[in-house]
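Given below, in the form of structure tokens, are the structures.
Next come two complexes built around chain A: one with chain B, the other with chain C.
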Partner chain A sequence: MTQLATTTEPLAQDRPPARTPARRGRIRYARAAAVFVGPFAVLFLLFYLVPIVYAVVQSLYTVQRTGTYGPAQEVFGGLTQYRLVFSDGPFWRSVGRMLAFGAIQVPVMLGLALALALLLDSGLVTGRRFFRLAFFVPYAVPGVVAAIMWGFLYSPNLSPLKPITSTFDLLSADTVLWSIANVVTWVYVGYNMLIIYSALMSIPTEMYEAARLDGAGRLRIAWSIKIPMVRPAIVLTAVFSIIGTLQLLSEPQVFRSFSSAVSSTYTPNLTVLSLSSIPNFHLAAAFSVVLALTTFVLSFAFLKTAQRRSNP
Partner chain B sequence: MTTAPTAIVTPAETRPRERGSVLPRSAAMLIMGVCTVYFLLPLWWLLVGATKSREQFTGTDSLWFADFRLLDNLGELMSYRDGLFLRWTLNSLAYTAGAALLGTLLAAMCGYALAKYRFPGRELIFNVVLSGVLVPATALALPLFLIFSQVHATNTFWAVFLPSLVNPFGVYLARVYAAAGVPDGLLEASRIDGAGEVRTFFTISARLMAPALVTIFLFHFVAVWNNFLLPLIMLSDERLFPVTLGLYTWNTQIAQVPELRGMVIVGSLISITPLAVAFLLLQRFWRTGISTGAVK
Partner chain C sequence: MSAFLRTIGVLLTSAVALTACSTTDTPAQNPASACAPSGGGPVTLTFTSWIPGIEEVVQAWNAKNPDIQVKVQTGPNGNGGTYQNFFNQLKAGNAPDLGQIEYDALPGFRVQDGLFDLGACDIVAKAKDQFVPWTWDQVSLGDAGSAYGVPQDTGPMALFYRADLFDKAGIAVPATWQEYAAAAEKVKAAGGYITNFSQSDINQFAGLAWQAGGHWFGNDGQKWTVSLADPGTTKVAQYWQDLIDRKLVSSVPPWTTEWDNAYNTDQAWTWVSAVWGANSIASGAPKTAGKWRVAPMPQWDGAQASAGNWGGSSTAVFKTSKHPYEAAKFALWLNSSDEALTLLNQKANLYPATKAGANLPALADGVAFYGDQKIYEVFAKASTQVPSGFTWGPSMTATYANASDGFKAAVSGKGTLLDALTAAQAYTIQTLKNQAIPVA
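On to the complex of A and B.
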């Protein structure tokens, strides 16, 4: 920046000569930077940071009544709400359910995405443009609509998959979690595939040619060169998937119309939603905070583990 | 990431196909075929279902056309309850197009400044915004509702629109792209020509960042179009609903009002169309844009 300011000096004659060019440059760009950053920063503050702080503050209050029918009063309750959160069985069962969901669904989805990306990149496939688009189209389907559509497909009386739906009840208490997992997988495989595929395409071809001269086959190249090279992209998609899993809401909420096995506390976010309509905002805020922290800790821990493994 | 992302994509796209490998090739094509069926079959079912009358929907093969009644069904959907569905579609377009356009501009300006200017607090701002990517949007919905109810603004257009403007991941992408794709020398030249910083941004930098901007716009568009929890919590007047919330509401009422099933099927098809069209038309741009984010 100092260098740039020096070059513009002869033209900037309207400035007071007492200032050094470097100093003047810094001030001018600081103003430009403020103009560029300001609008986003204000909105980020109002609609990201303030709500977080507000949720934390709300979660520390509790409603007290004098007598059974006395007026409600908001008083500082310290960690009262958090004590309720930590002793709430259904909530922690729903967190456990989402962890089980994520432990299976995320590897399956990303494994499929990686496999398809590698196949597209392998040179074995004709019509790559078509397949890339066909796999990506479900990403354009809103989660609610995808869930409605699959909900119909799972329903025994409407489904074109009758051979399956007449033998297995895909909407029973035992199976519905995995039926929802299929909806999420269907929507996001193509998106994740595209991120990994883009990373694959940026690997210079010379790397493969050298390996091929050394006698490495296709699988060997994929395993030893391609996958390590696209690791950052895989880590990125994994973090997004972990965040998405814990936040699962629209799909199970839609499935409540198709299956009685999906309760109002089936996922952590459904619990928050049901409390906000009762309403018990202080407790709901505490749930939100705990959920956000859990998500943050999990995705951060995953990132750190992934980084440690890549630089031993 | 030192070259512009367009340069990255070109050589790989023309990567030569290998010859003389019939078995691996057939296996690969078979997998691709099976996956194509998996990804497209539900959409095919939806398209076919949207063309049928209520009797034929249950009475005929659900994967092939009977009497083609798509236009009648559309007309019925659009006129149902004084065009409520049309209103939802327009709402969605207003929430989404507005928020995505303005949100992309704001994210691009912010990311550009973070990449191209040095100023105190730059790294702090970037890190705070980046951790914003990790904050689940659904965790914000409830506190946002409480804040909007403090100023008596829930159940308004703005309650959904304003929070939708913020896109931290867009800032990240814009910064990465501006650092790699906008050369400092060009900015310097523009300054020597006497152009102000804002003008330089709009006439030079924004054009160089075009693929990234399209990507940010599209993914922001998808995020807002698909948004469900925020409108669900904020809105009670169904005339303000976006398409997703409207279809969800109808879907919960099918048991009581059976004719809504057809409406939900046709409406679902319509709700997918704008995004599919946008992705198809703009694919040249977003593909290069995605690689920027992925490589970094």
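On to the complex of A and C.
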């Protein structure tokens, strides 16, 4: 009722006089908006923008000292740290390793998530609620705990699956990347499935009825209606996964104590971690900035191609 | 939008100003020579450590010193996170007064200008002669009048071995490294491994190299020198490479459940380790109680007995402390009084760094886990055989991480230990250069 009154009132008046109340309203709204946005803006500023700016500033500095124990003097060094970043072989090899990891693991994981979501949505399975929860449970397990658990499963001497782990070395230089991929997939499949599943739930049932009238079977409906309709959800999960892949840290960090193939520069984030424990904060900051930009470029490029394909 | 940009601009300039301030202020704040009693009532000191049972040791101090109360905070071991915290706290200006710092990490903290030079405190300078000379080398860092920490404990090394398994297989306890390699073959034939090669904890290897006369770092006041592949270290690296090549040692990573399991289930028969390792075996392999004994470390040549050192800590006072004198007083009590040293030995098997510490009554007792053998007698002797003059570099974290990557590769058959050391040498030099630390 009141809503009706406020919206009709300005319309009833002439345009020029309507300006003043509208502006007053805008100011009032602006205050209300400020109250609502304020807490977010402050936290966003303090814990997001300030650290980013601080990292960028740190990355532009370098140190000078005299003598073997001379105290460090921080001086502006321009792009000195970035030159070191771009000439660091192990770092770029680790980026390449993560790209290979992502190229295989992300499609497999999202394919599984999509298949599980479609299966739950199809009505073919009984106990839908149970499975929805069961698939999601691994995501509730902290990443480190999941990595330790899988580490034990893979380990040749401690594993309950000894016949397998003592024949196939799942922790060797050739296999450990994919053993880690398996852990990541196990943790995140349910989470991604839930996002896709909730997108499936929002498809109006009329569409299925219409399709069935046109003689479409279950597979046809899944392929031609469901998948195109949940495309935005799939794109979203893909972007999250790309970001997650480049920032992989806890799983390989835990696997360092299980496998001799995981080095201190195995993933880009491990490199940053080792540098900050030296501590060489300036160089670590430069690595972080480059890593963030790389992630941004990749996610953005993926979004662009995904958009272009959907609007030809 | 413009307001948004302005905010960013203000933030940026303030951040720049902040970093600029922090760089110019810190060195001027604390004149290094001031080490006088604070005066003006009781003081409270903060102390961060990871030694098991340290709270009870500190309680003993607090009970007797109402004017200098110490608040202890515990954390993970140094490289497990506490050093990282210290570095961050130093950068943020809120480091504790005192911190547990191992000898190999002291140069790193000094390079970051984080330590108070206790040489300025007369009580510390006077106490110098109470400590075993090589431990004082570890804290004076090449400057005779300085002390960047008070030595706490040392890690003289010896050979822990399974007396029952050696007896049963009829193998003599090896006294030289040649005999050790020969024993390794027999142990393998009996279905076990003589030990694991510590691919991920480089400190053990450092101890082995130390025994063989290796010197990894040098510091002439002008420049650092790095020599991770010097003749002594090369000899050790080639020796273990041979054992790895012949599959006579296992590649189980140290400090893991799998590693404990190997000791607990008779798969690993010996461990060349430091005195505090007595605690590690007892807690990691409880099923083997009473079956272990300790013998001197195998020797390179029978003529001159030598022992390695693995680990050992100091209690350091951070530069940001407002009460360095009181902190020094506590650090001295903690590391040289009979009361504290006895407690530290009972709680954590620490072996004192003082000369008098070797005669502590607690160290004369037999240890049940080792069949009541008086194991500290072996370590007391080893302690006197540790070569002096071993210097640590200013960025051991980086050196360890890189050498460990190489050692892990060597264990999996890619390259050799010597390759790994050569690579770690180049990486260390680059790391120092990146921080503008002069290096030859």
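Everything that follows uses one rule, which is that the second predicted complex is superposed on the first by the 284 of 312 C-alpha atoms of A that agree within 3 Å, B and C clash if a C-alpha of one lies under 4 Å from a C-alpha of the other, contacts with A are read in each partner's own complex, and residues count from 1 in each chain.
As a convention for this text, a residue touches a chain if its C-beta (ideal position, glycine included) is under 8 Å from a C-beta of that chain, and two chains touch if they have at least 3 such contacts.
This is a predicted model, so every value here is computed, not measured.
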Partner chain in contact with A:254 - chain B first, chain C second, else both or neither: first
Partner chain in contact with A:74 - chain B first, chain C second, else both or neither: second
Partner chain(s) touched by A:84 [first = chain B, second = chain C, both, neither]: second
First, second, both or neither for A:281, with chain B first and chain C second: both
Which of chain B and chain C A:113 touches, first, second, both or neither: neither
Chain B versus chain C as contact partner of A:176, first or second or both or neither: neither
Contacts of A:58 with chain B and chain C, given as first, second, both or neither: both
Partner chain in contact with A:158 - chain B first, chain C second, else both or neither: both
Which superposed partner A:264 touches (first chain B, second chain C, both, neither): second
In the superposition, chain B vs chain C on chain A residues touched: B
On chain A, the residue positions that both chain B and chain C contact, one per complex: 49-50, 54, 58, 152, 157-158, 256-257, 276, 281
Contact footprint of chain A on chain B as seen in their complex: 8-9, 11-13, 15-18, 21, 24-25, 28-29, 31-32, 35-36, 38-43, 45-46, 49, 57-58, 61-63, 106-107, 109-110, 112-114, 117-120, 122, 125, 128-129, 132, 134-140, 142-147, 162-163, 165-166, 168, 171, 184, 187-188, 191-192, 194, 196-198, 201, 222, 225-226, 228-229, 232-233, 243-245, 247-248, 251-252, 254-255, 264-265, 268, 271-272, 275-276, 278-280, 283, 287, 290-291, 293-296
Of chain A, residues touching chain C in the complex: 45, 49-50, 53-54, 57-58, 61-69, 71-74, 84, 152, 155, 157-158, 172-173, 256-258, 260-261, 263-265, 274, 276-281, 283
Contact footprint of chain B on chain A as seen in their complex: 1, 4, 7-8, 11, 26, 28-30, 32-37, 39-41, 43-44, 46-52, 54-55, 58, 115-116, 119, 121-127, 131, 133-146, 148-153, 157-160, 186, 189-190, 194-196, 198-205, 218, 230, 232-233, 236, 239, 243, 246-247, 249-250, 253-254, 256-257, 269, 272-273, 276, 281, 284-285, 288-289, 291-292, 295-296, 299-300
List of chain C residues in touch with chain A within their complex: 7-8, 11-12, 15-16, 19-20, 22-23, 26-27, 79, 83-84, 87-88, 91, 107-108, 110-113, 141, 199-200, 219-224, 251-253, 255-258, 261-262, 394-395, 397-398, 401-402, 404-405, 408-409, 411-412, 414, 431, 434-438
